[in-house]
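Per-chain numbering from 1; labels A, B, C, D, E and F assigned in written order.
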Amino acid sequence: MYSLTVRDHIMIAHSFKGAIFGPAQQLHGATFVVDAEFRRPTLSEDGLVVDIGQAADLLKRVLAPLNYRNLDEVPELTGRNTTTEFLAGHIHRRLSDAIRAGALGPDGQQLASLKISLHESHTAWAAFEASVAGEVA
Amino acid sequence: MYSLTVRDHIMIAHSFKGAIFGPAQQLHGATFVVDAEFRRPTLSEDGLVVDIGQAADLLKRVLAPLNYRNLDEVPELTGRNTTTEFLAGHIHRRLSDAIRAGALGPDGQQLASLKISLHESHTAWAAFEASVAGEVA
Amino acid sequence: MYSLTVRDHIMIAHSFKGAIFGPAQQLHGATFVVDAEFRRPTLSEDGLVVDIGQAADLLKRVLAPLNYRNLDEVPELTGRNTTTEFLAGHIHRRLSDAIRAGALGPDGQQLASLKISLHESHTAWAAFEASVAGEVA
Amino acid sequence: MYSLTVRDHIMIAHSFKGAIFGPAQQLHGATFVVDAEFRRPTLSEDGLVVDIGQAADLLKRVLAPLNYRNLDEVPELTGRNTTTEFLAGHIHRRLSDAIRAGALGPDGQQLASLKISLHESHTAWAAFEASVAGEVA
Amino acid sequence: MYSLTVRDHIMIAHSFKGAIFGPAQQLHGATFVVDAEFRRPTLSEDGLVVDIGQAADLLKRVLAPLNYRNLDEVPELTGRNTTTEFLAGHIHRRLSDAIRAGALGPDGQQLASLKISLHESHTAWAAFEASVAGEVA
Amino acid sequence: MYSLTVRDHIMIAHSFKGAIFGPAQQLHGATFVVDAEFRRPTLSEDGLVVDIGQAADLLKRVLAPLNYRNLDEVPELTGRNTTTEFLAGHIHRRLSDAIRAGALGPDGQQLASLKISLHESHTAWAAFEASVAGEVA
């Protein structure tokens, strides 16, 4: 399996609901360094998984509605605990929607799967990996 | 598949037996930066793979009997070459035992697999991945 | 000059005032990976700059009032733009106060200077370096 | 599954053919930090995936014909776009050839798969993973 | 002293002249991950060393004439060995010229010094630090 | 000031004497990732601080007597607490001795200072910086 990964980041505020979260129930925030890994069994005629410039632009576009925001007030996230792993899944769904809609051209239709990783610090990170159709292997 | 990873480290002495190990047959040591990756196909109602605080505490607890030790003198490791890959497997077994015994609560019972990675330097690392029951995919 | 550095992190929310900040005027947040570098021209009889365990504990203690907080609501920061560089200076002042008050024992009194670095992402970081008395070299 | 990974790097010049590559159609270059991950379900009697010294030496040997070269002039790569993902596949094939020919001894014959990752910058990397026989899982 | 650092990168081809360079006399290339550290004894009224967005944009603008190029054919570098340390100095001069010409506004005039670091691999990097007027402390 | 840095590593066992060291009084060990930073106000005619190949070879040679050893049994270190900061100073002295003896040729005689950094984990490191004659600035 071939893969290509691009990295970007977002800086957000949020709070969690539930005693299990302890002090993270307070409004706080995070830098999430976000890696998007595109996976495909064979390369295009150009020798590519997907175009790296298009991939980086798409990731930035998908992250934009979250960046510099308080996630507690983002309508589509209302009532959710926006944990690192949940956000990995959320970004996966948004990026997959865009890929299925053609955002990465024909190469995007050849992707076997997509993995989104979010690093919340130097000691913790989370990820979600599934096909662009949302199927978990 | 969702995953959550937490990082800790240990500082140990050891030596290896066998000509293949060259100078590493001498008593030397290592810092192992240890990553524990917990994997699960769906999130809990709280939006979690497992609780990150509990996961970090459990990893530290499992590493404690190895930390600041000469592994050549740790009874349960006697007669073994405590290579980086062997230790990844050993820590996997200890962490899995604790999870099966309930150390991560009900969420721990939902884990599909666990991956333990040990970084021995900026140029080498090793890992072991299997289910919490020890089955290799 | 000898130095010893320990690393920790905080996860905070905040917003900035001033058109220069663009979208960062909105409530957002950051993970700051914080490095505290202690500098001293000679070592103690034990061969230390300062005790690494005490240094790590002190850093965690100084960071605690900021961690998991909305800095816009922390009284001592009211009305300040809590930029990465400002926070480096703020943490330097709190850590220096504690060191002058004896938090690192006699070794702390031997420090020539202290540098606090805050990494806000994989592409940006800031720092403040001065003597424990606050003098910039 | 057990794995062992070793890291090395190469510094090369190249250019790409095709409008999709934009400015990268010009002769430019890259440092590729190369990770070779060897995977195996059980360890050898010595407690190894493969010997780390042999693995590092073999990786260096496989990279040598590419290092400090203009890839546009390396005969075996003529007419190919030597993208990061293509090179990951190319190095995989060369390393696999050597392993099948015995370069890592009997342990090399026990490998389930091999993953080659090339980091081209702090924000992008690519990889190819397959069995030593070239089968993609 | 306060500092703010931003990171970017370039991908270039080049060759060196002189037997001391061994195989690097051949046309090869590098990714240089470039850090620009801006240093200033006090912060602006906004709490800044310089505006981070302006700083990142300026660094990208200064790097543009080098990016995706064969440095052997860049007129202003003709006849020079574009070693990592030389390039750190070259980028320092270009960035300093722009800052003195007002590219970072009034805050740029308050800078005590500027440090440019270029990482050529995971095992080697170089830097040049001087005032914006070019004076080495 | 120009600088060039090369990275290597050692894997050692040791123990400390003194109650302040707590569990580190037991025989344990560490991987030290070692950075040697060579500093010089102007470049050589070749455009170099020092030759990077010679620098890397010299660092490896200086580290060799420590690598894969129990430092408690290395005669020249007997009776010393081989803390991370102490070892940074020790390696600085050995490297400086070699440079003064000509190990880096004429370029080595032009060095203003040398900084040795030892990373003991992802959360702690230490350094010693002085002139090649041992003078602390």
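Basically, a residue touches a chain if its C-beta (ideal position, glycine included) is under 8 Å from a C-beta of that chain, and two chains touch if they have at least 3 such contacts.
Keep in mind the model is a prediction, meaning the values are calculated, not measured.
Asker: Treat each pair of touching chains as one step and give the shortest count from subunit D to subunit E.
Answerer: Minimum number of steps from subunit D to subunit E: 1.
Asker: Please identify the chain with the largest separation between its CA centroid and the CA centroid of subunit C.
Answerer: Using the mean of the C-alpha atoms as each chain's centre, the farthest one from subunit C is D.
Asker: Which chain pair is joined by more contacting C-beta pairs, A-D or B-F?
Answerer: Counting C-beta pairs in contact for B-F and A-D gives the edge to B-F.
Asker: Considering only mean CA positions as chain centres, point out the chain farthest from subunit E.
Answerer: The chain farthest from subunit E, judged by C-alpha centres, is B.
Asker: Expressed in ° and rounded to a multiple of 5, what is the rotation angle of the C-alpha superposition of subunit A on subunit F?
Answerer: Best-fit rotation on C-alpha atoms: 180 degrees.
Asker: Where the CA atoms of subunit B average out and where those of subunit E average out, how many Å apart are those spots?
Answerer: 41
Asker: Measuring centre to centre with CA averages, how many angstrom lie between subunit A and subunit B?
Answerer: 27
Asker: Name the residues of subunit E that each touch 2 or more other chains.
Answerer: Within subunit E, residues 7, 122-123 contact more than one other chain.
Asker: Could you pull out which subunit A residues touch subunit D in their complex?
Answerer: Interface residues on subunit A, with respect to subunit D: 1-8, 41, 43, 46-49, 51-53, 56.
Asker: Show me the residue ranges of subunit F that touch subunit C in the complex, using the header's touch definition.
Answerer: Its residues touching subunit C are 16, 18, 20-22, 80-86, 88-89, 122-130, 136-137.
Asker: For subunit D, which residues count as touching subunit E in their complex?
Answerer: 7, 9, 11-14, 23-24, 26-33, 67-70, 120-123
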